[in-house]
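The structure appears below as structure tokens.
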């Protein structure tokens, strides 16, 4: 944790730079601070992964989009951030708003040009088991390594 | 929401039309009505995405399948519908049954010919943050756009 | 259930045998026994699926890794086991520990050579709907088939 997984329709693969979106979202996470000025997310544990679907079906498949004068080609992006529980509701909203703003900025031009839906959800996970094996965290906590 | 994500073993990619399954499942969702006749799912928010795994291991890897006279090549499909909370238990079961029936119909012939497992689960999500950026919903609610 | 889904950065695809990891994890699940000696997981229902991301961003993108003398190429693996609720906390920890040990053994050499993070989480799912269509389970329960 935290893991941000992005699932999207394959038609977006050629239309936008998803690697850049991943980087922008990770950077957004890294700068989040709580009311005490402490980093909300551990830098060594901030991960964003994006997956274009191999197959998809969205809404009515284009009927309403064509009736509205478009080409009926719908695109969709689902962003799901899973993080540990325990942060304040204010911090959760702040982080959700910040990530949504980053995603909106990334897709602003495309949103003007095509049928596009984007949903961002944050889940506070409570796994029954949570194990790690990492040499990333010590890069950011050299004293604890 | 609602998002239906399909994860499956890569051996199925050449054996069945997953795009057709996505479309059939989305269509099944779009026709669901509650006891008052109201659509269960918003048409602009109905999304189905399918992902073949790059790597997989199923059960004992084929030992029991070969002992039973088959070729030991197991296939598996996991369908997970995540939707918002608040629908009645009756509606949840109705939707689950309808989606399972659609999936069974799609795989009926294959189920006769090969080792195949399919699981469909519905989760009622309660995200801590839920943000949207979409021009799909307004296609179906022109008065609200 | 149980489903173990592995998400990972694409740089690992050429560096490790993910099919072998899937098999090792499935085998680890199949040998788990509870205090009464009963199999923890049904053999016909044990499924492991692995997905390399198409795009990813990890941590600071390599800054700290290069400052520490590495090449800044971070890799990451997220293993998520979702299983039904009802097992004892001791069994959950036992299974988590066993799977983490298998994953650590698989990545031990790579962990010495590169920046690598791995997280394993177990979730006890409580789906609102759970439907199946399978000829795999009967292979292991011929009397019930």
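Should a chain be cited, it is by its letter among A, B and C, assigned in written order, with residues numbered from 1 in that chain.
Following the convention adopted for this analysis, a residue touches a chain if its C-beta (ideal position, glycine included) is under 8 Å from a C-beta of that chain, and two chains touch if they have at least 3 such contacts.
The model shown is predicted, which means the values in this text are computed figures rather than measured ones.
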* To do: Fit chain A onto chain B over the CA trace and report the rotation angle, somewhere between 0 and 180 degrees, nearest 5.
  => 120
* Is the contact between chain B and chain C built from the same residue numbers on each copy (over half shared) or from different ones (under half shared)? -> different
* Mean-CA-position distance for chain C and chain B (Å) -> 22
* Structure fact -> Going by residue number, chain A touches two or more other chains at 51
* Asked: For chain A, which residues count as touching chain B in their complex?
  -> 7-9, 51, 53-61, 64-65, 68, 74, 76, 78, 81, 89, 92-93, 95-97, 100, 103-104, 107, 111, 115-124
* Asked: In their complex, what parts of chain B are in touch with chain A?
  -> 1, 3, 5-6, 13, 18-19, 21-23, 25-27, 30, 43-52, 125, 127-137, 139-140
